[in-house]
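Following are the structures in question.
Look for chain A in each of the two complexes below; its partner is chain B in the first and chain C in the second.
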Partner chain A sequence: MRMSYLLSRLVQMLVVLAGVSVLVFVLTRVLPGDPVAAALGDRATPEQMAQLRVEMGFDLPLWQQYGNFVGGLFSGDMGMSFVEKRDVSVVIAERLPATLELIFAALLIAIAVGVPLGVLAAVYRNGIVDQSSRAVALLGVSFPQFWVGIMLQLGLGLWLALLPITGRSSVPMPESITGFLTIDSLIALDFTAFRNALMHLICPALVLAAGPLATIMRMVRANMIDEFEKPYPELARALGMHPFIINFKYVLRNAFTPTLTLIGFLIPIMIGSSFVVEKVFAWPGLARYGADAIMGNDLNGVIGITLVICLFVVVLNLVVDLLYPIIDPRIRLGAER
Partner chain B sequence: MTETRPLPSAADVSLDAVDDRLSSEQSWPGLRRFMRNRPAVLGSLFMLLMICIMAFWPWLVPYPEDVADAVNFDRMLERPSAEFWLGTDEAGRDILTRIMAGTGMSLGLGLVVITCAICVGVPVGMIAGYYGGWTERIIMRLVDVFSSVPALVLALAISVLLGPSLVNAMIALSVVWWRVFARIAHGQMLSLKTEPYVAIVRQMGASDGHILFREILPNMASAILVTASLDAGAVILIGTSISFLGAGANPPAAEWGLMVASGRAYLPGAWWPSLFPGLAIFFTVMSLNMIGDGLRDYFSGE
Partner chain C sequence: MDLTGSSVLKQAIRGMRSSALALACAGLLAASMSHAEAKDMKLRWGVGMEVSTLDPVYQTNNWELATGYNLYDSLVWPDAQAGVKPWVAESWSASEDGKTWTFKLRSDLTFHDGSPLTADDVVFSMQRLLTLNGPGATSFRSLTPGSVSAPDAQTVVFTLDKPSASFLQALVTFKIVNKALILANLEDGPHGGMKDFGAAFVRTNDAGSGPFQLKTYSQGELVVLDRFEAYKLTPWDAAAPTSVEFQITPEMATIGTKLRAGEIDVGDWSLPISVQRNVATDPRFNLRQDPMNTAWYLIMNNARAPLDDVNVRRAVASAHDEGTLIRNITGAGGPMGGPVPTAMLPNCEPIAGYDFNLDKARDYLAASKYSADELKSRPLKVAAVAGSERFNNIALLTASNLKKIGLNAEVQAVRWADITAAQTKPETAFDLVVFYDPAKYNDPMLFLSYYRKAGWGDPYPPGGMYYDNPKVTALIDAAQMSTDVAVQQKSYCEAAHLITDDSPSVFSHSEVRTTTYWNYVAAFPDGGGTMFYDMRFENWRLDAASEDLKRNQP
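And then the complex of A and B:
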């Protein structure tokens, strides 16, 4: 890989981040929602509102407000959150691990289940796995997540009493190292805490994983079938190679690049979905704060959260791009197309 | 600047004639081929039923007065029964009535948002792909910016800032969704503009507008149609989520996401106010996806 490629990608990322900051900043300032009225409530006097407006710098021209905001960013200051009455950056740092744990768990489920099922569906084409995978894929992308979340809470949580309904843990957790409760409790060898954290994670992660799982499964199936059309699987079979090795080591690897692209596309969608899922499961993460901030017209919170999400998305997309040549050595990043 | 001359009419006529003959030969077997896809037919039939309900619900619903803010203290949270097929909600309103009345809100949202997104996104994406250079770079970076914020988040924020209502949720989703069609049109344009017929028509003196919208656009219609039918479901899911979170339709509207949200307070005792509106969303989106899958298979010749 060429250094210039990485450099140009980094510049591209910065352009996108700057674009998002301008977009969200302008939206929050130009659209009619009034953050000051929302922050002070109904009983605020006009003087109080005017005073807060000056304190927050809302009386300055737009470009000056944006300048101040960007200046603050470089010193890690995203302003005060109206909803939390604390610095936005503090709230984000505190809540980010919970959301990351949820999203990574969901992504892990989606890949670990979706990929093998996709392979099976392609190998036994039109067989029972393929037929049911088609049905599962249709269900996975068709249900509203908030509703399935509620139904899981009702069925598994309340009626069968198998899983907790809300929150992230209900027993004391060991000291935070990674911020991921499941990993922290494993490091501390506290298995009660691990089990508790895992039980809390299952339902929200499943709801979040269902749609991506379905799409990954269908994508793997389609690309596996394309690969089977080529002569090399037939040759490998003729050489007496075990079908498992052929399918998973050779064909899947060749068929995986489009799935990697798909995963890059799925990440922003999953973050969006986590706004609903965290709200339903009272998951103490960034997305729930984000939803509260949006609903409460907490402008600094909205901008901060959006930028962090955007950063996460562009970084993960870069990671996905850097993985291409590892999975498929024919791909040269930055080469002239 | 090249001089723009009217296209030779003889060529036009003969091409049109060929087109007509092709389409008349293909349309009926084409329909038959689509009809062989059973899920797609099932989805289409269900969608037809929904459209009928959307159009005629005032005459179909069993309790027309329950659509808005009626309160019936004598029949609050009643279980599903012969009298109230899907039970009643916390204000004693018939849930079946409200689900039927809410059909138009969800279908309408999907239709309006997808239409607006196509009208903005397709021309923008086509222009980016056709002209290339800085035009393309600026437009596609803008698409990147819009794509790097999750659709639900951006739409939710815009809807709240405009003031929560169903119409504002539609506006917000349209602002978010144009990028999907811009990207599709851009990708299609890159491959279509190298086709020989484009060079020929340009040599004949056709204007850019003619080339873009009369010659190339029809050739990307199938890709746009497939995306539109698949995305309509996704738009409805996000739209109902926005209402569920409280940034879309306002009470007492019979909006499905809102109904799930208000029914949630009465769990686990009363499960029907939140179960059935969710099922309505689910079946609507599923039938749209079945149609979309069918169209995709149809156009890819599977």
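And then the complex of A and C:
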């Protein structure tokens, strides 16, 4: 990999972020709705609204508001959130780990279950495993998340009383280091807290994982079947290599690159869909705040969240690109043709 | 269980009787309980809205306010008979011109940090409220930060710039904060030596003297309040909860599941009717209905055709089907009887409103200045808050009935922020908006203020309605200038009659609040129809002997 490739990607990231910031900033200012009236509630007087407008800088020209916003970004100040009544950067810093923990847990489930099932479905093509996985995939993408969430709450929470119904934890948690409760409790060797956090994580992560799991499974299956059509698996079998080694070490590795691309696409989609999961499970994450910010016309909140998600997505795409040559050595990033 | 409007009053009376009985039983129970048994009895609420701030200056939603009412105290307290009764202030007097109010404070009260509550704290609290000018300041427009003084440690004097009949009532919403604690925690801000006036600190911390003190505040998740054992304004009962939790759960279906699973003891008031009815069939739960001074309206834009014609407005009011609305949408409700909930004008001669009658509605339309073709050609936009099933169903019912009488009504689901923006100008205001307003204290002026020209251009009524009747304005102003309650009530009543005749908005119904809870929540007080005063948890009782309580709170 060339250093110039990495630098050019970083410059591209900055351009994308700058473009998104201008676009979102202008759109939020142009769209109808008065955030000040919504923030102050009923019986707000014109004087109160005027005072808040000045405090928020909404009385300034648009270019000056944008300049102040960009200037604030460099000092970590994204402005005050109307919905949470505190700095947007503080809200994001507090809520982002909850959403990331949920997404990573869901992704882990989706990959850990989806990939082996995809391999098995390809190996036993049109067999019972394949048919079952197809049915599971269909169910996974067909059922709406809020319905699956409520069913899991009723089944595992209310009737079987195996898992808590809502929240991230119900016991005191150790001091935050990463913001991920499972990891922080492991670092502190507090296994009671770890078990509690894990129990709270299972249901929402399962709901969020259902769709991606099905997609990953079908993608792995299709690419594995393509790879099986090539001569090298047959040669390996003829040489007496164990089928497990052939399937997982060679065929899967070659078949995984498109799945990796897919995972890169799935993560932003999961951020979007985690709103429903966070709402149903009262998960104090960023997606829930984002939806509240949009409904409450919380301009600073909407801009802040959009930028953070945008940053997350472009970084993730870069990471996925950097992973290609590790998984498939034939790929050389930035190499001239 | 019958949740319809006709049975509401009877149910409420039965509810109060059973509450009184339960309260007595809980008292006996408490007397027989050891102190150890009373330990760690939590009262856990599942609440749908975020508690975004603990600062009483900025609190707006139900659960923020409920938190504030338990962390802080006020000079006076609501009283069903007298209007208000002594609380932190043990007595008060008003000057003859009604402008100067002098309050004598109790000398034995302390804040949660142990420091004494003095007149200096009261002055600071009002100055802070007026300077920060958040929603909590709206009721005190006749004061300025310089018009409050403390001649001695137990005396506070408020000097109003004009008499205000609402001032004493409004004081129940005024929370007293701990001056010394706030001054020790100031951060950078625009208020000179007062910096941010403690806004950052009070948003997440406790600076109060109320019956409960803050234990945990985890925004978006949980608020935990613990008993303030040194509280003196109400003696602690052993059966009162030792702590109160607000578990923030935005999805109502999830709150229903948590309630049935025993993860919470009381459900949000906004639980859907289906969930309430489902829970009501289970003997482990109780369901109580309390009439509230919360008014629901369909605000009409009086400034634009065809609603600028009084007969069209009367037709819309006559096409409003309150019975179906209460039976099938809200599940409970009471009549409004004019622009103000009936209970707030107890001595007023009953107001003949507009009963649901489509034939009469058609007659009103025929008497209007607009032809049937003109009325049909002009679409009437009925705005409802996007995402709220209740608001949207009310709007749909309204539009459906308006179509039956020949009006071209259509429902628009709109964000609340967009509705408030549109309402600030007559030309952009929606034709009809589903709107509700809870009275935070027992003062008809809270609702009658909609009908004055003074607030045109506001995002809330009078904005959006744009109604003006000089006779109404004169009556309201006369009531405000008087300190005589009888004069106030008479003027308010006359104004209410005139307003009803002009039909500037549809007086839909008054709210009946439904609380769903485990049966070990033995008793809780009646709030006298006013929001939040029944939410002082030192007056709630839990049955410590209940097996369900022990199972749910191991």
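By definition in this document, the second predicted complex is superposed on the first by the 335 of 337 C-alpha atoms of A that agree within 3 Å, B and C clash if a C-alpha of one lies under 4 Å from a C-alpha of the other, contacts with A are read in each partner's own complex, and residues count from 1 in each chain.
Please note the rule applied: a contact is a pair of C-beta atoms (placed from the backbone, for glycine too) under 8 Å apart; a residue touches a chain by one contact, two chains touch by 3 or more.
The shown structure was predicted, so the numbers you read here are calculated from the model rather than taken from an experiment.
Colleague: Report clash or fit for the pair chain B and chain C bound to chain A in the combined superposed model.
Modeller: Clash: chain B and chain C overlap once superposed on chain A.
Colleague: Is A:65 contacted by the first partner chain B, the second partner chain C, both or neither?
Modeller: neither
Colleague: Could you say whether A:85 touches chain B, chain C, both of them, or neither, answering first, second, both or neither?
Modeller: second
Colleague: Look at A:261 in the shared chain and tell me whether it touches chain B only, chain C only, both, or neither; answer first, second, both or neither.
Modeller: Neither partner.
Colleague: Applying the touch criterion given at the start, work out whether A:47 contacts chain B, chain C, both or neither, answering first, second, both or neither.
Modeller: In the superposed model, A:47 contacts chain C only, not chain B.
Colleague: Where does A:95 make contact in the superposed view: on chain B (first), on chain C (second), on both, or on neither?
Modeller: Only chain C is touched by A:95; chain B is not.
Colleague: In the overlay, answer first, second, both or neither for which of chain B and chain C A:297 touches.
Modeller: A:297 contacts both chain B and chain C.
Colleague: Given the touch rule stated above, what does A:16 touch, chain B (first), chain C (second), both, or neither?
Modeller: first
Colleague: Under the stated touch criterion, which partner chain does A:168 make contact with: chain B (first), chain C (second), both, or neither?
Modeller: So A:168 only meets chain C here.
Colleague: Quick one: classify A:309 as touching chain B (first), chain C (second), both or neither.
Modeller: Touch partner of A:309: chain B, not chain C.
Colleague: Can you give me the overlap between the chain B contact set and the chain C contact set on chain A?
Modeller: 32-33, 146, 150, 153-154, 158, 279, 295, 297
Colleague: State the interface residues of chain B toward chain A in the complex, per the touch definition above.
Modeller: 39, 141-142, 144-154, 156-158, 160-163, 233-234, 237-238, 240-241, 244-247, 257, 260-261, 264, 267-268, 271, 274-275, 277-278, 281-282, 285-286, 289-290, 293
Colleague: For the complex, give me every residue of chain C touching chain A.
Modeller: Result: residues 50, 52-53, 58, 60-61, 133-135, 137-139, 141, 190, 203, 218-222, 247-251, 253-254, 257-258, 260-261, 263, 386-387, 415-418, 420-422, 424, 437, 457-460 of chain C touch chain A.
Colleague: Under the definition above, what is the set of chain A residues touching chain B in their complex?
Modeller: 12, 15-16, 19-20, 23-24, 27-28, 31-33, 138-139, 141-148, 150-151, 153-154, 158-159, 268-269, 271-273, 275-276, 279, 290-291, 294-295, 297, 302, 305-306, 309-310, 313-314
Colleague: For chain A, which residues are in contact with chain C within the complex?
Modeller: Residues in contact with chain C: 32-35, 37-38, 40-49, 51, 55, 83-86, 94-95, 146, 150, 153-154, 157-158, 161, 164-168, 279-282, 284, 288-289, 292, 295-297.
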